[in-house]
Amino acid sequence: MTAAVAIDSLAKVFGGLRAVDRVSLEVALGERRALIGPNGAGKTTLFHCITGRMQPSSGSVKLFGDDITYLPEHQRTKLGMGRTFQITNVFTDLSLAENLALAIVGTDRRKWVWNRPLSAFPAVREQALAGLEAVGLKDRADDPVKLLSYGERRQLELALALNTHPKVLFLDEPCAGLSPSERQRIFKMIRALPREITLVMIEHDMDVALGLADRVTVMNRGRVMAEGTPDEVQSNPEVRDVYFGHV
Amino acid sequence: MKVRSYGVVMALIAIAAALAAPLVADPFWMTLITQIYIYGLLALSVDLLLGHAGLYSLCQASFFAVAAYTTAILQVRYGYPTIVAAPAGLIAGTLLAVLYGSAVRTRGVYFILITIALGYIIWGAVYRWASFTGGDNGITNVPPPSVAGFSIASQTAYYYFVLTVVILCAFGYRILIRSPFGLSLRGIKGSESRMQSLGYRTTMHLYAAFVISGLIASLAGVLYVYYNRFINPVAASFQISVEVSLMAIVGGSGTIVGPFIGAGVFLGLRNWVSSFFELHTAVMGAVFIATVLWAPSGIVGLVERWRPGIGKPKDQP
Amino acid sequence: MHSGILQAINGVSFAALLFLLASGFTLSFGLMRVVNMAHGAYYLFGGYIGLSITRYTGSFALGVLGGGLAVIPLGYLIDRFLIRRTGENHLAQVLLTVGIAFVLGDVALKIWGGDSLKVPTPIELRGAIELPGGIIYPAYRFVLIVFSVFVGLSLWLLYRKTQIGAVVRAGVDDREIVSAIGINIDRLFVLVSALASFLAGMAGVVGGAFLTLYPGAEWEILVYALVVVIFGGLGSLEGAMIGALIVGLLDAYGRWLLPEFSYFVLFGPMAVLLLFRPRGIFGREG
Amino acid sequence: MSNATSRRNLICAAGAALIATAFGTTSFAQQTGPIKIGLLVPLTGPLAAPGIDMVDGFKLYWDQVGNMAGERKVEYVIADTTCNPDQAITQARRLVHQEKVHIMIGPLCGHEGPAVAQVSKETGVPLVMDTAGADSVTKWDRTPTVVRTAVSASQIGHPFGDYLYKELGARNVTFIGQDYTWGHEVTLGMVQTFKELGGKVAKIIWNPIGTKDYGATVASIAPGSDAVVAVVVGADRIRLFEAWFSFGMDKRFKMYGGYWMHQDALPQMDDRAIGMIGNSLHYAAGLDTPANKAFVDAFAKKHRRLPSWFSESAYTASLWTRTAIEQIKGNVEDRAAFLKAMRTSTVQAPRGTLKLDDYDNPIQNVYVTRIQKINHPAVGAVLTNVPIKTYENVSQFWTWKPEEFLKRGPYKR
């Protein structure tokens, strides 16, 4: 069986700095993988290279066996890749429903329709409301995003990614900057996702990461330093030294 | 649906006023209002990019001028009828937009600068290629538009013609910006990176918007040449591009009426102030400074602010 | 052959003036991310003030200095109270500074009138000097080239070899770093913006001595300055030098060899360059 | 423009008085209100200075005659065209429809000329075209309601070509021409007469208006030229002057101003200009006639400078207009009569005796001038143009038959 995501000795160099240093990684179909490591370990850069935001300096990325290393980002999305951003990246000038509508039509040809108003697509509206309901924001569908709290925006961030119907979902610190109770909320939403969706998630919060993930990859200084089940990783002395030593 | 009915009522009042204008206004005001419609349309073309897609194009005068020149040259020099000359103008301006559209590969300041450069190329061409464009003197005596023996010769008739075209354009524009495509432009303005990750090839969307904007500018150009019966290189100048974008901002960027209100304020002010105050350019400059600093959403934005209780989505039943 | 060399020197002398104007523009963009379309108006204002000083005192050198200095407070006030309020919104900046340029242009028209005025140069600079090969060249322009090279060299040394320059360069690369290491970025901004204003005002005086000053001159020269920074890359001092040379030479040779296409010769290559290298020759990608 | 529209506009503009026109009668209800004249000039923009010269000449005349014409008071409105045809059209329409002027005078910039002529055509309000010199206005694109009191571009060019060959003895000439319509027509007018006599054009160097650096221009003068002729406008006049001397060209070539050292530019030039041929023009401030002396003295006394041809032009346009108004006894509501009076009267202007030809362009003297320093009581030592050769009663068609000229078509580069 082919892996959902397969990365082969991927590297990204900025000037003289190797932000990502020959990382190889395989995530199986349906797997939930957490990516942890101290600040500056190269996790987000690795994410950007996988999702197409950045071009890797060398190495390759495969999605369901197809080489997508040089594919533009929007085409990756069509192949079933979804992502969230570490720094909330939603459309603040639009309403929540419009945010979701953009995600819903983004992967099909309706995004090019110019001669009919959006309101002529009741299915999109319905889907948007359903999508908002899934993250508990349905009653705010017509509010502008401006009025949302930070925590609610994080929920919308997740809803946007989910509504491109991803088969593989990359979550970049979904709980970044949230209060413990808000974390729990997001955590629950992620946990409730259907198992068919392969998850790759950067997470600082060890409890969240370990409680959610099937397997954990630990990065440090651009390299993978350990990989295994949460238990294995937790008991790895090297990891404890580098990572838990700080906590 | 209080808001919608309010908007509809306002639109109807505006249209009724526009229809009645020739009955009360003297010929000078009629020409001025016609001019406002045409420049408003050009400002609207700027605002499709500026207010929706977040791109600031400073070469809109190029499409305007190329369309106007094409129509004028075909009519005056080669004697083609309006039915050929006007569509040819539209096509020529739009083709230029298809060509210049490659500018959407850049963003931000670079986009602004490249469009300035592209604008200067057209200006230089119409200015220097005197044997074809009439150079500085331009092309005069463009006949009134006439189709199948029916000529729109009187000022009032042309006024109504322009009004009809502008209203149709405004409706079309309204559908466009409310369509999924229109929404995608606002999405790109909000966050291009997010749009890409949602599956949009953003450059293509911007390119399409650029071409549509060029088409609207070309339409304004064709309307202009039949209005003024005269065209010269000033129409292609950087100054015009700047002025129409200022109209869009002053009126209210991202709205449909805004650019027209802006055109009215700009042209009205210029004609009014210049009749008694020497430093009228300074007055104009001061208006822009004030708009940018204190009323970035323009006159429409100010009106919205002073209209409590209406226009806020929360108040919907 | 003879003409070819003369045109080259012509191009270089025009480049010398363009560099004075464009270097300030490009530096203030590099550090503060400010696109200042009123830069041409600074040029015009500096030129007019320098002209008045020269007429009053009879000293061209005082005029150059005074024209430059006089623009500093003007630039500071505009920067501090108007441009600063737009944050990093380039669009608002462009509109705002266009508005400012309109106001300044009209005020200048009111004060100095609509005639094209020439800044009087000292009598010893009015003649021509003979170069080897029998080429006669205006002494003034020769001095302008020397002056501009001197200014360019000083700027380069300031930029590359001093503490302040290092901080400015760091600021161009990453503003957060500069704030993080505890440097008062505001004071740095004021310094660079004062320098940019000074250079523009000074350029107005030295330019006004051979291009004359008149209403509308601010836009004509600004367009050239924009082309310079587009060629060179926004924010790069070296780019401004190379860009000024390219534009000066393209302008001189273009008008000599292809007079009918002189606008294309200047703007055509620029448009093509921008399409393939949107950030100019020295601009940084990404 | 259809009859319907022009009639509508006529009615709007002049009111009941014009109902008579519709009946084709010759008796007009004479109005007693003031006569309103609209002056269209650029007060801002690149040609603001000549625009102000025009305003000064215009006002001087009406002050001198106590703002009266045909026993009616004269009021004027000055509109700023900014040297932009678009703005010129709008302002002309404003003058006609809002200010209800009876007559328009102006504009200044060549390219505004056809634009304002069009408004005159649309509305029927007579236009006394002043200073805007586009050849076509009195040749190929004539408008019945437009008469010209200033000059056609090539009218001043033709005599200079003749002078260049016959009196200056030039045989192989480089021309420096301003690259826009006025520049083309003046320059190529010279080239035409010069070539017909057997002269050879070594090179024509075209410079767009606002050329910053004349170094490139003077460097590309054809080496074997025995003379260089300059046709330049605006700020370019001073830049060329600077470049000419600082490149040491005065030691290598003979330079003649075909259209160059006008009175408004001379204060920016200096004594190096003395002795040079400055212009070939229908007016020179140094013209030694009583009429001109009176005009120059009055102007200098008031404005502390000598009048440029723009000032004289607006002065004369006003004089001519008033002469016509006097002839029709102030009945400016009768536009046809006014235009007829303009076309038939002979005017003694500061620049000489003027009369319109059959194509509505003045037949007038053209003066080739030399720059001299004179002492004017009101201004002091000042450089000015002094005529050294007068071509009398020059037609816009020079010595050709009008039909011949018209068939040949406009001068184009």
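Annotations
Going by the order they are written in, the chains are A, B, C and D; count residues from 1 in each one.
Note that in this section a residue touches a chain if its C-beta (ideal position, glycine included) is under 8 Å from a C-beta of that chain, and two chains touch if they have at least 3 such contacts.
This structure is a prediction, so every number in the text was calculated from the model and none was measured.
Taking the mean of all protein Cα atoms as the centre, the chain whose own Cα mean lies nearest is B. The chain with its CA mean position farthest from that of subunit D is A.
A straight line joining the Cα centres of subunit C and subunit D is 37 Å long.
Annotation: 42 Å between the Cα-based centres of subunit A and subunit B. Centres computed as Cα averages put subunit B at a distance of 33 Å from subunit C. Look at where the CA atoms of subunit A average out and do the same for subunit C: the two points lie 47 Å apart. Residue positions of subunit A touching 2 or more other chains: there are none. Looking at subunit D, residues 44, 208 sit in touch with two or more other chains. Subunit B has residues 127-128, 278, 280-281 in contact with two or more other chains. Two chains count as a pair here when they touch; such pairs are A-B, B-C, B-D, C-D.
Contacts from subunit B toward subunit C in the complex involve residues 50, 56, 102-103, 105-106, 108-110, 112-114, 116-118, 120-121, 123-125, 127-128, 238, 242, 245-246, 249, 278-282, 284-289, 291-293, 296. Taken together, the subunit C residues at the contact with subunit D in this complex read 3, 6-7, 10-11, 13-14, 106, 109, 113-118, 126-128, 130, 136-141, 210-212, 214-217, 220-221, 224, 251-252, 255-256, 259-260, 262-263.
Across the complex, subunit D meets subunit C through its residues 44-49, 51-52, 205-208, 210-213, 215-217, 219-220, 234-235, 237-239, 242-243, 245-248, 251, 264-265, 267-268. Residues 29, 35, 82, 85-86, 90-92, 94-96, 98-103, 105-107, 109-110, 219, 223, 226-227, 230, 234, 260-264, 267-268, 270-271, 274-275, 278-279 of subunit C are the ones that touch subunit B when the two sit in their complex.
Those residues of subunit B that touch subunit D in the complex are listed here as 26-29, 31-32, 35, 127-128, 130-131, 135-138, 140-141, 144, 151, 153-155, 228-230, 232, 234-235, 267, 270-271, 274-275, 278, 280-281.
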